[in-house]
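See the structures that follow.
Both complexes below contain chain A, partnered by chain B and then by chain C.
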Partner chain A sequence: MSEIILGSKMVQLIIALILVSTFLILGSTRLYSCVRAFGIQSFLLACVAGIVAYSTGKNDIYIVAVLTLVIKAAVIPYIFIYIIREIKVKREIELYVNVSPSLIIGGVLVVISYYLIRSINIISELSSFALSASMSLVSIGLFVMISRKKAIMQMLGILIMENGLFLGAISLTYGMPLLVELGIFFDVLIGVLIMGILIFRINRTFESIDTDMLKTLIG
Partner chain B sequence: MIEYLLLAPILTSILCFLTKTRKQVETVSVIGSIATLALGLVLVNNVFKYGTIVTWQNALFADAFSAFIVLIVSIVGFVASFYSVGYMGHEFDHNIFDIRKLKMYYSLFHIFMFTMLLVGVTNNLGLWIAIEMTTLVSALLMILYSRKSSVEAAWKYMIICTVGITFALFGTILTYYAAVKVLGETGDALNWTSLIAVADRFDPTIMKLAFIFILIGYGTKAGLAPMHTWLPDAHSEAPTPVSALLSGVLLNCAMYGIIRFYTIATKSTGHEFTSNLIIIFGLLSLGIAVPFIILQEDYKRLLAYSSVEHMGIVALGIGFGGVYGIFGAILHMFNHAMTKSLMFFGAGNVLLKYETKEIDKVSGIVKTMPVTGTMLIIGGLAITGSPPFSIFLSEFTILAAGFLQGRYVSSVLFLLFLIMIFAGFFNNISKMVFGTPKPGITKGEVSRWTLAAMSILIVFVIVLGFYIPPFFYDMIMKVVEVVR
Partner chain C sequence: MIAQIALVLIQILTIIALAPLLSGIIKKIKAFFQIRKGPSIFQPYYDIAKLLQKDSVVSQNVSWLFHAAPIISFVAVLTAGLLIPIYITELPFGFAGDLIAVVYLFALARFFTALAALDAGSSFGGMGGSREMFVASLVEPALMLSIFAIALNVGSTNLGYISQTVSAMGFDAFSPYQLLAFVALFIIAIAETGRIPVDNPATHLELTMIHEAMILEYSGKQLAIVELVAMIKQLLVFSLLANIFFPWGIASGVSAMPIIIALLFYFAKLVVLGAVMAMVETSTAKWRLFRLPELLSISLMFSFLALVSFIIVKGG
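Let's look at the complex of A and B:
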């Protein structure tokens, strides 16, 4: 059962590392380091999926692990770097919330997620660890979206949330049925491409990708 | 059968992309949408005659409710493709669109149709995937105009809806978890057909959590307040035929997702929990729409806020429940789709003629465009729920359901909001329709295509007001059986 696998020290360690990678994103003001941290996070996620696949012996999960590795750890970071290069965006991220408060808020979000998941009290002790990490990723992703000025960081925030949900699905039910997983990968990839197109368009129309500019439509 | 229905818009889209001239792309698009409508009608007919269809190794299915969504999508899609010929043709004549953009528009239009049909006929909770695809395609349609405001609206739309839909995914994962506990780990554990049979054995705690996430997630996409903030921007900045599809059809598709989960969650958690939640969001949507409708300065945004209101009404109908409530809600989905598309089409004609979206700068539509003006008055009366038009009937049914179920406070609030919205909305519309037109605006309608599209819709608006044909009644009753 899932408890045995997810309880194994290996997976716990990797999940802890995933949380660390999320804090790397919160603690960095350079776009490239954020993208790199996201790549590491996705790679670790693929490792979790790989371990789960190995211990359950399910071919479906192997496919999911490989897709995570290829799409989330390679293709999507590459798209990010392509966008950063093409629109010659300033490498520094401007923040609404500074680095040190960001890190503190991140820590608080992790603690809250942990207690929230424990209070639901429906899941066994060990997979609740993975689920609370997943919750933390979702909430930190949201926080990244609202606290960073660049449109590109909002895109990164959504992907962090998505990674969080992936972790949740793996830890609760060994992931979704293959057809659904494939559909989600497809949507994420197309979504990133279209958000990329939008970012290019924002850059061309406003000559900046600061979301400060996008505040005219109200009422 | 279902495969052909899905194939038609995809083929049309590819063909649109391969054409060379304006005439070709328009012909292909219109023929494609006629084919989609025909296949849609055949599917609807088959479902209501022979019952639920399941194909493609259980991946696709169509029961009464899916068929109903397919019906709405294919009718409005068909009409919108007619309207596009007039509207986009006008933009093409005035060199706002070149042939490359025109082709792009029609290709995306039909892919958009495909994704919305897919929402209706997916057997899987992976419905999520189809709904996310609708966001992606319609965001691209929005940035066809490279105005600053369109780009801003598209970005907001994309970001807010994607976050919303991520929450819905979490709800879906939780539902799957609940299902796996009962059904075991089969690929079928996310299929409606297998879920609905065992939904009463799901863990209520998990299903409560799942339903909250689903309601917030799909509620974002359905424009329920307070997650509606993207909606007025997106619906007012999109090209007008697309606005009609967004307001009339896409919101219904998201609502469809909510209602499906409502059915499953209710079986496990009991009626009280899900109904109360839906009623709160419904009333909030109505309430928030009131000031924005009364004080609105932009008529496309006015229509968009009216969509927030009407999605709130559908939510209320579902929340009140009982045969009346659900019957009213389903009927309202159809009526709103027809009436709101009609209004957006009318607004599109006004936009082409007056070249402004400000209510204050438009006057005397009846004099400059008599047909459009008349239809706007009828549509305006209809959309605010005045008799004898279709929406009056569905709103009245929902109100009756509210009182029947003993939800007096919500029903009275509902009635109060409706009256305020009626006053505000009609005040704004009459300012535009009556009065003397500004000098320099020539008389005459924009295009015969746009009028043809509108006259099809107005038939539904008027006829369904005092006569519901028996087959249509049966159809809705079958949907009610599925939902309850």
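Let's look at the complex of A and C:
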């Protein structure tokens, strides 16, 4: 019993750290530090999965945790850094919404997702915290996609949303069936690769990955 | 009664005695990270002793405010020091005020330093004063909110009571809201102590200075007091960090042995926090003044999140 309580305490702490890393992405205007914060977020997510696996004793979830660690915390950030280096993009992100307002909007999104989650009857305090964190990750990811100009940030935003969904799934149902998880990981990895190639093509056609430029016609 | 007076005296003496040492230690650790030798850790004491022996040179244009400001801020900061748990949770002044009093005593000290900076009529003073108030307006709400998150959990705004309760909780005290509040308060500590992303304490040569610009007109004994006030404030902000979030080892009753142990623990915590601060200072560059709202709104957001996550975890 005490182990599970310690587990849920630790999971809560790690979820708080995940929120911190999400706000680091919102608060930073450097591509590299955004990618680094995403890597940290995925690493923490793998920790959550590991703790859940330990406390439930299911071997599937260990595999999921290792996959998260390898794919999301190592391979995907590496692909990001490769893209940034290859297309020699300017390292500063341009924003539609400035840093301070977007932080405030992030905070408001957390509150909104808490109120949305509260209308569902949830049993324990852990799952309510984890669910509202996952909901806020999804909405903050969407906000990152809307408010950042670089195409790379659109990619990062969708990955944040995916992380949010993963957090919700792992903390609420203790993991989906392994086959489903494997499918999702494959999807994410292929998605990142396709988006990476797309960004290369955008860069070649428009000579910039600024999404503002995509509105102009090229004959 | 005598015990109470002794407690007050020990607390004041500890604060005044340790404040320059902490400054020296941070400078030494910073020098270590930058592969320099650095001044001795007792250098701030020598500086203050030297300044105290010198006469002040005062501009002809100043009013009484210029002379009164260092004393007022010294007293305000020391009074705040009596409201913050240093080595014992039964604060000698605990009946007189709480967290809010601490925040506004800091604000009083800052207000008078900024007024004195304007008083001499030099352009640097005005610049420093306006910048200091600009930073202060961002720091204050974040400081209040972040400690409120802890105060909500404990159910009191009395800092001594907070640190006693948190210390009694042991490992249960690790919680999301406490973590978020700690991150927020750490960023505030950087701003309050005038450390590198916000202000550079080591230079007079840049146009970026905030605190140094304000005290440019001071010299001699008054400068000694002003410098000491800055060091004491730094020590107190560190003590807030140490004894609200990691109050373990603090004495809860009046007896000799726990107090000595508590003092040792306190010193160790200060050195660790100082080392972390020196690392942050070495690894970051000074930010442009107009980017500071970004940093401080991150801190404000974290303290806000701390409150929200408290409500989610406890009230959900």
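A few comments on the model shown:
Heads up, the rule we're going with is that the second predicted complex is superposed on the first by the 204 of 219 C-alpha atoms of A that agree within 3 Å, B and C clash if a C-alpha of one lies under 4 Å from a C-alpha of the other, contacts with A are read in each partner's own complex, and residues count from 1 in each chain.
Note that contacts are C-beta pairs under 8 Å (C-beta built on N, C-alpha and C of every residue); 3 or more make two chains touch, one makes a residue touch a chain.
The shown structure was predicted, so the numbers you read here are calculated from the model rather than taken from an experiment.
In the superposition on chain A, contact is made by A:195 with chain B only, not with chain C.
Contact with chain C, but none with chain B, is seen for A:13 once the two complexes are overlaid on the shared chain. When chain B and chain C are set side by side, the one touching more residues of chain A is B. Once the two complexes are overlaid on the shared chain, A:147 sits clear of chain B and of chain C alike.
Judged by the touch definition given at the top, the superposed model places A:42 against neither chain B nor chain C. In the superposition on chain A, A:129 contacts chain C only, with no contact to chain B. In the superposition on chain A, A:68 makes contact with neither chain B nor chain C. By the document's definition of touching, of the two partners only chain C reaches A:103; chain B does not.
The interface of chain A with chain B overlaps its interface with chain C at residues 122.
Against chain A, the residues of chain C that register as touching in their complex are 172, 174-177, 179-180, 183, 293-294, 297-298, 300-302, 304-305, 308-309, 311-314, 316.
Taken together, the chain A residues at the contact with chain B in this complex read 120, 122, 138, 142, 145, 151, 154, 158, 161-162, 165, 168-169, 172-174, 176-180, 183-184, 186-187, 190-191, 194-195, 197-198, 201-202, 204-206, 211, 213-214, 216-217, 219. Note for the complex: chain B touches chain A at residues 59, 124-126, 128-129, 132-133, 136, 139-140, 143, 146-149, 151-156, 158-159, 162-163, 166, 169-170, 172-174, 176-177, 180, 185, 187, 189-190, 203, 205-206, 209, 232-233, 237, 292, 295-297, 301. Within the complex formed with chain C, the residues of chain A that make contact are 9, 12-13, 15-17, 19-20, 23-24, 27, 99-100, 103-104, 106-107, 110-111, 114, 117-118, 122, 125, 128-129, 132.
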